[in-house]
Amino acid sequence: MNPEAFLFWFLSIVTVSAGLAVVLLTNPIYAALSLAMTMVGVAAVFVTLNAYFLAGVQLIVYAGAVMVLFVMVLMLFDLKAEIQAFSRGNLSGFLKIGSVAMLGGLIIGAIVMSSNSLLGNNLPDLVVEADGSKQLGKLLFSKYLFGFEALGVLLMVVAVGAVALARSKGGTHAKH
Amino acid sequence: MSHQLLISTLILSPLIGFLINGLRYKRHSANVAGGVATAAAAISFLSAILIFMELLAMPKEGRQIAVNFFEWMTVASLKINMGFLVDPLNVIMILIITGVGSLIHLFSVSYMHHDEGAAKYFAYLNLFLFNMLVLVLGDNLLVMFVGWEGVGLCSYLLIGFWFKDSDKAAAGMKAFVTNRVGDAAFLLGMFLLFVSFGTLNFQEINNMVPADPTFSWLSPLTLGTLFLFIGATGKSAQIPLYVWLPDAMAGPTPVSALIHAATMVTAGVYMIIRLNPLFLHTPNTMLVIAIIGGLTAVMAASIGLTQWDIKKVLAYSTVSQLGYMFLAVGVGAFTAGLFHLMTHAFFKALMFLGSGSVIHAMHEEQDIRKMGGLKKHMPITHFTFLIGWLAIIGMPPFSGFFSKDEILWLSFHSPLGHPALWALGAVGAVMTAFYMTRLMALTFWGKSRVPQDVHPHESPALMTIPLIVLAILSAFAGWLGVPHVIGAALGHLPNILAEFLSLNIKPIPNLAEANVTTEIILMSVSVGFALISAALAYHMYVRNPELPGKFTEKVKGLHNFVYNKYFVDEAYEGSIIQPLVQTSKSIWFYVDVNFIDKATYWISDIIKGGGSLVRSLQNGNLQTYAMYVAIGLVMTLTFILVR
Amino acid sequence: MLNTDIFTQIGLNHYLFLSAILFVIGMAGVLLRRNAIVLLMSIELMLNAVNISFVAFSKYSGKMEGQIMVFFVMTIAAAEAAVGLALAVTIFKRFREVNIRFFEHLKG
Amino acid sequence: MLLSSLVFLPILFALIMVVWPNKTTLRPLALGLSLIQFALSLTIFWKFDPSSSALQLVEKYPWIERFGVNYYLGIDGISLWLVILTTFLLPIIIVGSWQAIEDRVKGFHAALFVLQTAMLGTFLAIDAIFFYIFWELSLVPMYFMIGIWGGSRRIYATIKFFIYTMVGSVLMLVAIIYMMFLTQEAFGTMSASLIDFYRLDIPFIAGQFFSLQTLLFFAFALAFAIKVPVWPFHTWLPDAHVEAPTPGSVILAGVMLKMGTYGLMRWTIPLFPEAAEYWAWLFLLVAVVGIVYGAVVAMVQPDIKKLVAYSSVSHMGYIVLGLFAFNETGMTGGLYQMLNHGISTGALFLLVGMIYERTHSREISKYGGLAGVLPFFTIAFFIVTLSSIAVPLTNGFVGEFLILLGTFQANPGFAYVAVSGVVLGAVYMLWMFKRVFFGPKGELVKDESHPLHDLSPREFAVLIPMGVMIFWMGLFPNHFFHWSNASIKHLVESRSNYILTVKDTNTKTQSAALVEGE
């Protein structure tokens, strides 16, 4: 087993089990912490894929900002472990789990079936240069400039909207 | 005067009378209304006489007046003219109709004097005359049908004239509906004839009839004539559709005289005579007609033996006499049929009017058990009634004798006849003699059984004059159609009627030379038996009034059966009317409401059920929706992969 | 002999498998959890799973567009989390409840 | 421009109704406008050439050119009388509803005028889509008329009425669209014109239900059969009639049912001649069943209006019978019976409405002896009854006779059964007449506190035109046949290959000018 393989297996086990924990743990705080763990794992996976810039962003945005937001909200709500964390209903529960499992199986099946046609067999080992961040930056500010700007506007709107929502009493259900 | 104008006057003057009386129907003066109506009828009668003279003035072969007012219906090959044709056959009819009609109008003026609906009554009566004239004069089957239904309608209105009595209204309805059954068959007969000949014009049909008779039951012409005959049984009250006529006596008595004795009910006979070449072409139908006629004659007469209502007796008598007419036309003796139609119109109108006079005198009492001995109170009525009685029982030399004898003889002698038919006719004649004598005896003769508070009196002149005129006609009209054998015996008296009608009526085919001896024997037998039976009736009801009671006591079952008119009404009620109403109700309830309508509910229920099923999917739960997305993804992916 | 290549030769498919598994786990969370906030977290999980795919494709096809897309996805995810949480806050403020079963006003 | 103004003037009138400020002058105004409309429709006779079977007074303007949909109006002998019937009935209905409708008078008259547009459009439209729009439009005012001014179960009745007719017409829409595609295949350009539809040669396979012509035939026929209504689809009719206000009933029975039979005559039979011929037995059968069924069910109805409604089922059966006899006699009778039924059943509903206004009951058993109390009313009712049971010299007889004769010529078996309707018709009408008008006075008639009044002058004004028409049509049917004969003859004779030519409005004058020039 070479280091690469080891790293991959290790990271995937960590990420998947943290992901499972997000879904399975009944206490929202633990779930949030597990999510943070998953984020970190994903960031590490990005590193193995040579996407250093993205790995950094992932850590800063997700594991940093978003997770803090989640945890803050949770703390604001002061939630305990839930007695009924999972939705009820035998039939619908079965259907949900079944459909999710089917979906997973199908996606994996699809990947296996199409692996030959995806990128051809002789995959280049490492194509992306180490200084991928530079390429990314160039691309982002030239070809995808409009998308970038649009995202900026979106974030602006979201910021305003979130504030407005949080400030309003009773939100959309307010009775005037 | 032009023919068009003459015929218009003839037909339209009763219509105008109807309109005048109809528009002022709220005025209750019977005299004015009756005056107008009678004048209208009289004008009509005058024009009928003028037309008759006009015809006589014509050369014998060309005796006909055709008038076409306008084209009524023209569709494809169907071309119906509002056309009228006068020829020797129907000129006799219009004379009877307008003549007897005028007399009855006159009679009614007095009879309906106290009725508040007099104007309405006279309006209806005039309308009836109009329709009857249209029926008789129409030059094609459809115009005849106009009158045919029209007279039925007037009959309906007049039978139900006193509509406040539910039974009388019901009798009117019964008459109309029974007639409608006949009319439906008449329509079918018309269709068959139209399909066969391509025309409904009488002359064209009669000219187109194939020379050789058809013996198939299913040939269109046999079926057509049979259907026409069923139509005739409705209008002319023959088995099986005769049931309405006795009930029709609910109407005012002059109406019974005019419509239900003299004119309307003979329309069926007239129609068959009108189409005589066609009927001769279908001997099967002729046989049916003769049998039905003979049976009706006997059956109605037998019911007449037992009835207590003066008008009911006369009604059954009418049915029976109509049976004779059908017997006559059934054996091909069309002239005799028309002859009897004419004499019957006179003496039966006379007797009905006489009974009207009696009823008037008795203050609306119709039960002959409460009469008797009226002879001395009402001499004129009695005398005229007596003549009617002599005529109907076939006493020579009164009119009924000639016509009835002619029928009986031809039913025996004609190649289409049969001794059995003669026997039916003879039995009917014997019964007629009995019940008519019984009627005379119970009404006019013997001891008075009149209740104390009723004081019968002779009717006013307005009522007796028509009686007298009709009595004269009843007495002497027979000489118009003297049978060959008697004519020969009395020195070559011609049969005026037969000669006059020869243009219209085909002679009976293959008629053998008459055997004088046989004819005289048969004549004597029927007259003799009739006399014996009349004498018997006189004996039973005048000499020994307790005898009939004893006799009926002995044959109680049979008497009941006959007295209740063989339970035909009940049988129709039970087998047709009630089942029809019950079936209709169950069809409405079970089929219409609970099946056809419910079936649409089932469809809407399915849709509604489907809707609520789908609605339950949309339960508002975000996660369920997400699950649908997942399931959708699964399905899409499966589809892509499997394909 | 067990072919161990599948364990040692890490390729595109491995990353895709990892992405698929994470995605499915996130989806299961969305479907099964009742806490609105955990729901949002599960959505983040799904987005991250997709991101892995993008980056993996980007690496193995040698194109930067995959990474650009990841960049966008992250931004959107952040925005979504912000709005979602803001909503959660307002709802909680009114109903004192974040149980998703409680909000079934879309019921037909 | 004549036909356009005829069709669309009522819309303008409806707008006038809506904005008219004065409530008291509303009814006279509506009456005046409807009379104008009637007079306008009579001017058709000046321009119409009865000797030609072609489509006349045609107006055609492109509308949706991409799909070949045109604004296309035209008239021929088949639609002529139905148009006149429609315009004739409207003033009568307005006068007839003078007192029956008390609330929302504006809306009511507006609805009447919109309905008028829809009905006239249906009869005059020559373009399938145009036709369909009018066909559906007619539902809307009727829906409101029953739903707003109707009786106690009016909502039920409206929904039933609406859904029933909708089901059929949606099938028809599908068929129309399909036929438009067929025209594209056949002629290269898409067209919704009826005249192009006639030119189509649609393959027909005998005995196979799922063949093109048969399916299209049934799609059209079902829509019309529900509207007529032919026997098993009739159950909406009694409910709609019973709940509808008097004017609604009159217009429903008088004109709207005719849209179905007109459709059969104008669309179904000539468009799908082979299928129509092949399946004629089915229609004859349901027609005959309808005649007998309607009559026997009418016989036992406790409610006068329901009785009249079921009698409509019976009468409409006659019309379908006549149309599917496929000969001139039957078709003429069918067309004539449409007019007769419009007049006589319309009049019956008016009369029932008049007595309902007086007593607020339609229960037969509560009446009796009316003849002694309301003589003029009785006479009017009796005359209409005569027309309804087809007594000669009234209009009903001519139609019924021609239908039965035509059926007999084509298919005697059905005529033998249908003739029983003649008897049953007399039974149910006269039985009802006897129970309502004759006999001892019933509880409603006796009631001293509510003395009944005989016909008012207004009611005479309503009934006299009807009575005149009854006798005019019975005595002089040729006056009416004269205008429709050519079209019906053409329809019958060239049915298997029906083509409707368009008569150029100018030809008449042009040829006249030519003659003069020579």
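Should a chain be cited, it is by its letter among A, B, C and D, assigned in written order, with residues numbered from 1 in that chain.
By definition in this document, a contact is a pair of C-beta atoms (placed from the backbone, for glycine too) under 8 Å apart; a residue touches a chain by one contact, two chains touch by 3 or more.
Since the model is a prediction, treat every value here as computed from it, not as a measurement.
J.: Fewest touch steps from subunit A to subunit B?
T.: Shortest path length, in steps: 1.
J.: Based on the averaged CA atom positions, which chain is farthest from subunit A?
T.: The chain farthest from subunit A, judged by C-alpha centres, is B.
J.: Would you mind checking which chain's mean C-alpha position lies nearest the centre of all protein C-alpha atoms?
T.: Centre-most chain by C-alpha means: D.
J.: Between subunit B and subunit D, what's the gap in Å when you average each chain's C-alpha atoms?
T.: Their C-alpha centroids are separated by 38 Å.
J.: Report the inter-centroid distance (CA atoms only) between subunit A and subunit C in whole Å.
T.: Centre separation, subunit A to subunit C: 4 Å.
J.: Determine the centre-to-centre distance between subunit B and subunit C, using the mean Cα coordinates as centres, and give it in whole Å.
T.: The computed centroid separation for subunit B versus subunit C comes out at 99 Å.
J.: State, to the nearest whole Å, the distance from the C-alpha centre of subunit A to the C-alpha centre of subunit D.
T.: From the centre of subunit A to the centre of subunit D is 70 Å.
J.: Of all the residues in subunit A, which ones touch at least 2 other chains?
T.: Where subunit A meets two or more other chains at a single residue, that happens at 87, 96, 99-100, 103, 107.
J.: Please list all residues of subunit D that touch 2 or more other chains.
T.: Residues of subunit D never touch two or more of the other chains.
J.: Please list all residues of subunit C that touch 2 or more other chains.
T.: Counting only residues that touch two or more other chains, subunit C contributes 27, 31-32, 100-101.
J.: Strictly by the criterion at the top, what is the full list of touching chain pairs?
T.: According to the stated criterion, the contacting chain pairs are A-B, A-C, B-C, B-D.
J.: Hey, which residues of subunit A end up touching subunit B in the complex?
T.: 87, 92, 95-96, 99-100, 102-103, 106-107, 109-110, 113
J.: In their shared complex, at which residues does subunit B touch subunit C?
T.: Spelled out, the residues of subunit B in touch with subunit C are 615, 618-623, 625-627, 630.
J.: If you look only at subunit A, which of its residues touch subunit C in the complex?
T.: 1-2, 4-5, 8-9, 12, 15-16, 19-20, 22-23, 28, 31-32, 35, 38-39, 42, 45-46, 49-51, 53-54, 57-58, 61-62, 65-66, 69-70, 73-74, 76-77, 79, 82, 84-88, 93, 96-97, 99-101, 103-104, 107-108, 111-112, 115, 118-119, 123-124, 126-128, 132, 135-136, 139-140, 144, 147, 151, 154-155, 158-159, 161-163, 165-166, 168-174
J.: Could you list, by residue number, the parts of subunit C that touch subunit A in their complex?
T.: My answer: residues 7-18, 20-29, 31-35, 37-38, 40-42, 44-45, 48, 51-52, 55-62, 64-65, 67-68, 70-72, 74-79, 81-83, 85-95, 98, 100-101.
J.: In the complex formed with subunit D, which residues of subunit B make contact?
T.: 25-26, 70-76, 78, 142, 145-146, 149-150, 153, 156, 160, 163-166, 169-170, 172-173, 176-177, 180-181, 183-185, 187-188, 190-192, 194-195, 580-581, 583-585, 587-588, 592, 596-597, 600, 604
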